[in-house]
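Each of the two complexes below includes chain A, the first together with chain B, the second together with chain C.
Then we have the complex of A and B:
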């Protein structure tokens, strides 16, 4: 009875909710203001994979950094599982484009860093490390240092590191942007498998339409930005209901791509006028 | 490594040859010939040649100097590293201390000598305090710079993994700043050997610095050069020891 009620309340609360979120950056002297984002309303359901898609400067990364707690919204509120976000925390794991691994720690120690900081007993830390090492297929590299790994392998470590904290939501900021295109495709495929297996909630920032359509349950197209002259805002929300793994050559896939590209290019041509 | 040593040997040999030649041809006066210095070095280390007050006294003097250097250096490290980490992370503490440090730092250690001698008296303690003053600033400034240069990405990564403020200093800021801290310690250790000579010139009867200044009083140039040679060797040895210690302490982990 109690568990049923809890399950109800969990499914009722979205994983992430953004309520009228806006962000104004001020220059150091306080003279200049940059209106980066305005009036963002979004809810991300549990187990949903959401892609924030947009060109540079549209505020998609800023939005992600506000969910992470690295930035504070100027207006509105960000909540994760109903709790207002106050600073970064282990319930929101962030995967950066430049990995952000600790160079003086081995792969295993990087993955165990979060569990250890949260004061888990040694045996539980080791179990978590083993589990996520094998999930990303890096068992053989447990005692290797990050600098000795390729970019794709480093990003696998970064993903395993945040998953070891069992976060409410995984926040990924153009995580495959620095990888070569073949590695990127492999990583996209593996990420999708991992997220299907663990039922992880993901907010994924990208400027690649194909990446968004391949990965997302829902694509949020963002427009605006300082170069356009309007604050960043949501342009379009498009659900993607294709089966996993997705065939990037199928007509359905390309139809969605076409639709998104039309919106994106529509906003950029509007900017040129 | 052996290759590096191989290429390092010719220059000092050439300089020694030039010395011998210069003395032989009377290009310089009052500089003793190499063999005379060699005998003095042997006598200072093992005795049996001159049988004077300095025969076989190396360990006494070297031990006294090294002990002062290490005490002053250790105090400087113990105080400057934590203070530097806090100053590097805390804007207000940095604002509170910057002016004081900027005003005190340019005062040369030699200018501190009279005041330190009056306040702390003649003796070992004054030498240690002078070494502490000299070693403190390079360690502090390098620590602050190292802490400020810690990539913000690593701090963000640690924060989102659930690292508390105190753990952040120990687990992220300190290891990321280590190369800079070690660089500061190395400079400081070099300064410490400079200053021990200054500190031992006045009011102490042991130490390589006191040997040099006494040798000057009795115009024993060979003994002066002997003292200089052992200070050079001691500085070289402690620098190598520090490097090895650092490698052992970091267990050969890659640093930033």
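Then we have the complex of A and C:
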């Protein structure tokens, strides 16, 4: 009975939990308080792909940075697998818009950096490198340097490098924002395939409704923000139950898009008033 | 696709390294550096004391703070200060070798622009019109950075953040000054000690120490990784201060250790160094100049007893006496052992 209850609570431990999380910054001149976020309650289940969707300034990046441990919440608590977040850690890998690769390391060395730093034996490092190289389809570019690759390829390396570190959760802040739209679609498709295969937990920040509906198991629409006069907050949580790969031209897909757009436009027209 | 890896400049390398570690959850990103905003007034330095000791009735002072106040009251011009500094270069540099690159022309031009602004009542900041020198591991836009080495040459197009902050506070950059090769050493053997030319000036900010103590500019921006500000300051009788790690951004500085490099001020007196430091640090830190003349009441003093290199003889007795003096004065000094701080920064890569 007791063991069963414990087993239940173990399996039910969310990958990420945000409990009454708020963040207040000081303005650049140190004079005013900037209420970036307030009262965020969210739990992200293991293996879930969650998109944070919202216009700029509503606190998406701040929320992600608090999960990453780069910022401390002013109120509330952030926990990853039940452990309160106290700073950055290898259990959370971050993919930025501008890749952030080691420019002097080859593609293979970039991917092997995390495993090597964690002290894995050489053979295991090599195996991890091979596995993630082929996962992102860059086997032929193992000895290439990042500057010799296109933006999409560099972002593949960044994703592979973080995944090779075996994080509990993958944090992505508008990772495809700098790519052209065709590359962006390809990358979305590949990311979705990879996450389905590895069952990775992902928190993905975007301001593209289509991207969110294409990728997410759940879309969290955020609104508000200091420029609007209210702290950033959650407007709506919308599950997306469509099969992968999703057809962006299907009626169901567009119905969800419409629903999200209505909420977002509601918030942004409120901002204009 | 282009061939070969892109050549990475030193300080860009540091940035790329830390960004990549941040992505792997292995490093806390540094807060963005903000533009400086100056709020406090200069101390009244109408009667500066030459050695910068505290006068019974007033704040600390020094040549830099005095010159800044004199510029404000119109007693001297920036052009005059620059000419004085250039005279000092002419007189001393042949023997001492402090200057790596003299920027006479641009310094004269910048100084007259400062004077024009001053005449119109436009004050750029607390260093308005003050000539400074910059250690040759720190980028000055359009001027070669050589890091004291034949093997390194770069002509940066932008100022290092520290230099940009000094300029936006009104400073005039007079010269790049010499350093131990790649700042990797404490002797600066290519240069001479201004007090005794048979001796080294100390390093690696050796050029800064010579420049400050001979009047080639009123202050200098140097770096300290393993005592590179403190050693030459001690050997030349100037004031060098290594501030808290990260308080002055290292963007645009040729790195020695990505996790131990500090950009640091050097000047003739505590007040001068404090003013310079206030300009270089982020503006959200409380100004140290306000504290410079304030006595020791309320300060916490501590003395590392273990694992510190034991000074011998006279120095040790002096240290002990000063520490005892602090303890019996109004500084509260918990007699607790000081342990080196544990940092979340990654270890220095091997070979550095």
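As a convention for this text, the second predicted complex is superposed on the first by the 259 of 273 C-alpha atoms of A that agree within 3 Å, B and C clash if a C-alpha of one lies under 4 Å from a C-alpha of the other, contacts with A are read in each partner's own complex, and residues count from 1 in each chain.
Convention: contacts are C-beta pairs under 8 Å (C-beta built on N, C-alpha and C of every residue); 3 or more make two chains touch, one makes a residue touch a chain.
The structure presented is a predicted model; accordingly, all values stated were derived computationally and were not measured.
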Overlay on chain A: chain C relative to chain B, clash or fit: clash
Chain B versus chain C as contact partner of A:89, first or second or both or neither: both
Touched partner set for A:149, first chain B, second chain C, both or neither: second
Contacts of A:204 with chain B and chain C, given as first, second, both or neither: neither
Chain B versus chain C as contact partner of A:49, first or second or both or neither: neither
Which superposed partner A:141 touches (first chain B, second chain C, both, neither): neither
Which partner, chain B or chain C, touches more chain A residues: C
Contacts of A:117 with chain B and chain C, given as first, second, both or neither: both
Partner chain in contact with A:132 - chain B first, chain C second, else both or neither: neither
Contacts of A:214 with chain B and chain C, given as first, second, both or neither: neither
Location of chain C clashes with chain B - one stretch out of 58-66, 148-156 or 166-174: 148-156
Chain B and chain C contact sites that coincide on chain A, given as residue numbers: 68-70, 87-90, 92-94, 96, 100-104, 113-114, 117, 145, 147, 161-162, 165
Residues of chain A that touch chain B when the two form their complex: 68-70, 87-90, 92-94, 96, 98, 100-105, 113-114, 117-118, 145, 147, 161-162, 165
Residue ranges of chain C touching chain A (in the complex, touch as defined): 1-6, 8, 13, 16-17, 19-20, 22-29, 34-35, 37, 283-284, 344
Chain C-touching residues of chain A, taken from the complex the two chains share: 26, 28-30, 68-70, 87-96, 100-104, 110, 113-114, 117, 145, 147-149, 158, 161-162, 165, 167
Residue ranges of chain B in contact with chain A within the complex: 153-154, 156-164, 167, 171-172, 175-176, 250, 253-256
